[in-house]
Every structure is written in structure tokens, then in C-alpha cells.
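Next come two complexes built around subunit A: one with subunit B, the other with subunit C.
And now, the complex of A and B:
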């Protein structure tokens, strides 16, 4: 499978509140709260770091999880977010504008 | 022209401290407006917004099956439903409404205009009852049947009802306040035109005993987003609604109020307002 690059859409609003990352799509008003692992992936979605590298360097180092199952779950999460227009997914690096940088 | 119109040109309806002039050449409709917004009309306020209303036969002028649409074209808003079509320019504050003689049409226009103005100020209209007791405002939110009307009915005589249906939440430098509205629900009772700082937002649930339960912040935000009245298909404003909901939950205690329908629940409500930060 080729590398996947992820970046937040500009049509979302996101903020940490009470230790939870909350995201809403401005297109269809879908609202999400992310768990700790998903929050790490979200905060690492800079458009230039491959998803596999995010999993290896950020997720597996912080959470007790093996990289194969973590990457499998991460792909599911990314697909779901992309379906709602929350994340942009590409097999090439994505140029992210300042306004698209994920809330941390 | 803004600021020089007087109440003689129409009826100034002031909700949440925002005076809106409703002008109409139709004398009978003007009387309907004066009755409908009794308690919320003002003779002295300088209107910041004014609407020229023309009353037409909806059967010939409008499509009765048209669902609500709220669209922006630069600073011009178009509001359209089966019983009205309105146009409002946000920079000049001026607008026009064509509607049937049914006052619910202008009621809807006012709700939409207020929701658009409030969102840019960090406030919102919320599907909730609200009342003041002991100088503090309490909000009671829930879906139809959750108990908004019941809580309003059970309010003791020293409580001031702000609304049993649509709460008006304003953001101020020192916090949030709830203002009375003429937008009534099942109780069919117009709220008082006063305001007070919001002590607690209660999410209503009927149960076997009176108790106040904690609510996770994410659940509170989710609930709030489902119950904020917002009609515009505008991505930038939707983002502002989201930010407003998060700011509110960060600043105002949100609790679940499980209650049995008797007046003792109001002792618990006031006690919660005293205890919670």
C-alpha cells in the first residue's frame, strides 16, 4: 500500500476542551470527539508526514500498541474522517495553509 | 437613514437589547405587531435594524410549500419560507419582508435575524426554557416532551419566566446572560423583558426523584450544538456556532436535571445555582 498523507480540511472547526479534541464539520455540522490516539493522529496531520510514520513515531511510542494493528485502526479512522470531509487524504504530500493547521 | 427613524414609523421590538424597527403601512397589521410583542416594544430606543413589511395574500405571492432557506450573498441575506420572503443587508441594517398577515412569519424572521447577529457576538438562541430566580438565570434545555413547559409551569411566584421555548443567550465581558423573549411555546406565555447572568444550564430528564447529575463536557457540547437554533447554510458562521458552544460549556456549569413534576424541584435548582462555581 502506498503512503498516505493527511491534512485537516479548511471546512472544519476544532478545539481541545477538557482534555478532549472536538471537531465539527462546517459542511454538514457532524460533530466528533476524538480519543487520545485519534487526537495524536489529528494533531500530527500536517500534510507532509506519512500516516505510517505518525503511527510509528507518535502513536506506538506513546501508547502500548503494535504498529500493524495501530496502522489498521488509523486507516479506518482516516477513512471515516475523510468521508465527512474532516480530513484530506492523498498519496502525495499536501500543502497546508496556516488556517488549515490542526488545533492542538 | 439609520438612527433617525422613530417609533411612529412602525413598531420597535427590542429583544435582548437589540431594537428592531418593523414598519408597515397596514394599520391592522401594525396593531397585530403591537399586541404580539407587547412588553417588548420600545418608544425610546434607536433601532439598529429596520424592516419594511408588506403584507400580501400568500396564495398569490409565495410558494406555501417552500421550506426555510437562509442564504448570504456578500452582506445581503435572503430568507425564504412558504409564508414569507425577506431580504436584509447586514451593513446598512435595512431590510424588507413580504409576508402573509400571520404574525408567525415575522416571528420567524426576527428569530433568524437575532440568531445571525448573536453568533457574531458569541451568543445564540437555544431551544430551552429559562427563568430568573434570586437574581440568577437558569436554562432548561431538552427535546419536545423533556419538560421545558412543565418546569416553567412549576416555577414559584418569585421566579421570572424568560421563555418556555427559545432562550436568548448573550455573551458579555463578564460572562453569559439570558434575556427574556416573546417566543413562547406550549405555555403560550410571553416572557418578561429582563435579563440576568446564567448560573446553570440544565439538560432535562424526567425521572423518579429530583437530582442533579454531572455531564461530560463533550456531551454538553454535543447537546448544545443539537439545540442551538441556527438556520444559515454558511460555513464561516457554522464555525462560529461551534466556537460559541465550546466557550459557553467552558464558562457555564452544565448539569442533567432529573426531576419529578412537582414544585420541590425548584428548591434543588436554586441550591445548585448557589453551590456550582
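And now, the complex of A and C:
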């Protein structure tokens, strides 16, 4: 599988609340809260760091998970977020505008 | 419990202000007969000041931001403000009369990711709407704005204030909302003017009209349920908070003044003198609001309506005691159920219901 790059869409509202990220799509008002692992992935979605690197360097180092299953779950998560227009996913690095910087 | 309710509860537990209503100006191009505002500019916050306030709100954890006024588009920097708010990833709702929204403004709102636009419509008839706004041609302009916004795919809701000047027209506005494909909210709340002038209260809809509204299935859903006698209050109800004002939400004026709610004018601090987080965490006024439980309410704690009444602490405060009853809400509970409130029985004040709050009517998709 080729590398995947992720960046938050500009059409979302997002805020941290008690260690979890709240996200709402401005397109269809879908509302999500992300657990701690998904929040780390979200906060690392800078468009230039490959998803596999995010999992290896940020997720596996902070949580007790093996990289293969973590990457598998992360791909599912990313696909779900992309389906709702909340994350942009590409095989190539993504140029992120100021309005797309993930909330921290 | 829905995810949103869960987030609200978490914000309450953590002391996080989840939503803020920010009026960016009191200036307006309409002169509505029921408006509570003074439309002079008495020293609005500058663009930089508002940007700084938005940064502070984001850092404090505010997620829902309602930008309102006055008329928001009277500020030439309105889109600069929205752009900054969206950069800080707020969920932005804009309240406007729509008169200054044409295709360009509608497109810009969509590009910036505004979540919802709420527009005031008082009647489907120009002669009634324009007489209320005192701006000739305003209904035509407002309806055009709604079409521009809908064309851009934005979510729009109509806010219909009910008063003596438009009593017969709410069904016409509901039909208009359906035709335009937007949601509808009826709001009969008429509040005293910001300078304390109560003359506008004469515009409040009479009880006979509110009784009809309460029995309109289209507005309240299940009428039998909505108008049912109140169940007895249990310990959970008596330990509960009256509303989110000051707990998970607050209001900021164009001058940087902070209040628990736009309808609760209890001065709590000013952002030109203190940081938002200091006001939110240290204001003695907000601490007092937060200390009040239903069991502390004068007469309301012993009222059969205490668990179901829409008692507004802001209106109670304006009537003289934030722990006291809001007579308008007492009358509302009475008109809804036919059972007088404890306060009404005590005062012998049984006549004339005035204020109600109704859930939005969502148009068929």
C-alpha cells in the first residue's frame, strides 16, 4: 500500500474538550468525538507526515498498541472521516492552509 | 444520552464555556418596533480586539459561536471576523436580517464554512414585516437573501418573533419557510429595552394567542404531552440548574462586556480590562449564578411546575431577583397546562400569559 497523507478539511469546526476532540462538519452537521488515539492522529494531520509515520512515532510511542493493528485501525478511521468530508486523504503530501491547521 | 448532551455534561463538569453569543455591533439598518437595543455605536471593539477575543474564547474551549447584533453586516470587517473565527475552528452561526446579503455575501459565508444563518422574518406580508422593521422593502430583500444563501447550500432558519403587530401571521411565515426549504422558530420573547424602558412590553402577544400557539401541533409536536400537567419534582430536579447561562455559555457585547446570557444582563466583567478566562473562572457574578439550584429558588422550589417550567433566570433577574420567579414564565406554564404556578397563587396574579419558547419546526427534507 502506498503512503497516505491526511489533512483536516477547512469545512469543519473542532475543539478539544477534556482530552477528546469534538468535530462537527459544516457540510452536513455530523458531530464526532474522537478518542485519545484518534485525537493524536487528528493533531498530527499536517498533510506532510505519512500516516504510517504518525502511527509509528506518535501512536505506538504513546499507547500500548502494535503498529500493524494500529495502522489497520487508523486506515479505517481515516476512511470514515474522509467519507464525511472531515479529513482530506491523498497519496501525495497535501498543502495545508492556515484555516486547515488542526485544533490542538 | 445523545453525543451532544454528553458533551454538554462534560463541559459542565469541566467548567468549560461551550458556547458564546457575541454581538459584534448594536448598529442596525432596521428599526424594529420591539427591539431592545440602543443602535448608537458607543465604542465597539475594533477588529483587532475582536480577533483577540476570539483567540481567548478558542483557548477557553468555546466551540459554538453565535455572531449577532444589531445587524452583523453593518460592520465592514464582518467577513474578516468570520474568517478569523473559522481559522480558530469555531462552529459559527450568524444571526442577521439578511437585508445586506446578496450573492457575493452568501458565497463568502459558504466558502468560510458558516454552519447556519438565522434570519428574522416577522410576516409573510410586506405591509406587516416592513411596518415592524420600519424599513421599506425589507421583506423582499430578506427573502432574496434566504434564496441566495440556500443556493449556496447553507443551512438557514427563520426566526419569527410573535407580537401584537403580527399575531395572525405565524402560519403564513411557516408556509413561507416551507416554500423556501428552511427551518422555522417561533419566539414570542419581548424583553425590556437595554436602557430599562419597558414600553415595548406592550407588544407581547396576549395569553389567548399563546394558548392557541401551545395547541398548534406544527409548533409543539405532541400537544397532549406538551400541555400535560407537571409531574412532581424529585431530588434530581431540585438539585438541577435553571439553564446553561453562566454554566456552559455566556454573552459578550460589542463593548467587551460579559454577561451570563444576552437575556441576563448581570455584569460579569469586561474584556478590555480582564482576560476572558479570568472573568469566566473568577467573576463573583458568574459564581453566584452557578451557585443557584432549583431548590434555592424563591417560591419556584415549591411550585408544581419546577421540573418543566421554562423559567428564565435572566427574566427573573430583570424582574428584580435572579432567585425569584419569572412572571412571564409562570404565566406560560399556566397557559400551557391550565395549572397556576405557586407564584401566581401567592400573588393572585392569574391573568395574561406572555412569553413562550418553542422548538424549531424542521421542514421536510
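Note that in this section the second predicted complex is superposed on the first by the 104 of 104 C-alpha atoms of A that agree within 3 Å, B and C clash if a C-alpha of one lies under 4 Å from a C-alpha of the other, contacts with A are read in each partner's own complex, and residues count from 1 in each chain.
Heads up, the rule we're going with is that a contact is a pair of C-beta atoms (placed from the backbone, for glycine too) under 8 Å apart; a residue touches a chain by one contact, two chains touch by 3 or more.
Computed from a predicted structure; not experimentally measured.
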### Query
Is A:95 in contact with subunit B, with subunit C, with both, or with neither (first, second, both, neither)?
neither
### Query
Can A:13 be said to touch subunit B (first), subunit C (second), both, or neither?
both
### Task
Classify the contacts of A:26 with the two partner chains as first (subunit B alone), second (subunit C alone), both, or neither.
both
### Query
In the superposed arrangement, does subunit B or subunit C reach more residues of subunit A?
C
### Task
Touching subunit B in one complex and subunit C in the other: list those residues of subunit A.
11-13, 15, 17-18, 22, 24, 26, 29, 31, 33
### Query
Hey, which residues of subunit A end up touching subunit C in the complex?
10-18, 22, 24, 26, 29, 31-33, 98-99, 103
### Task
Name, in rising order, each residue of subunit B that touches subunit A in their complex.
216-218, 221-222, 225, 235-236, 238-239, 242-243, 246, 249-250
### Message
Please output the residues of subunit A touching subunit B within their complex, sorted ascending.
### Response
11-13, 15, 17-18, 20, 22, 24, 26-27, 29, 31, 33
### Query
In their shared complex, at which residues does subunit C touch subunit A?
3-4, 6-7, 10-11, 13-14, 16, 18, 58, 61-63, 83, 86-87, 89-92, 113-115, 155
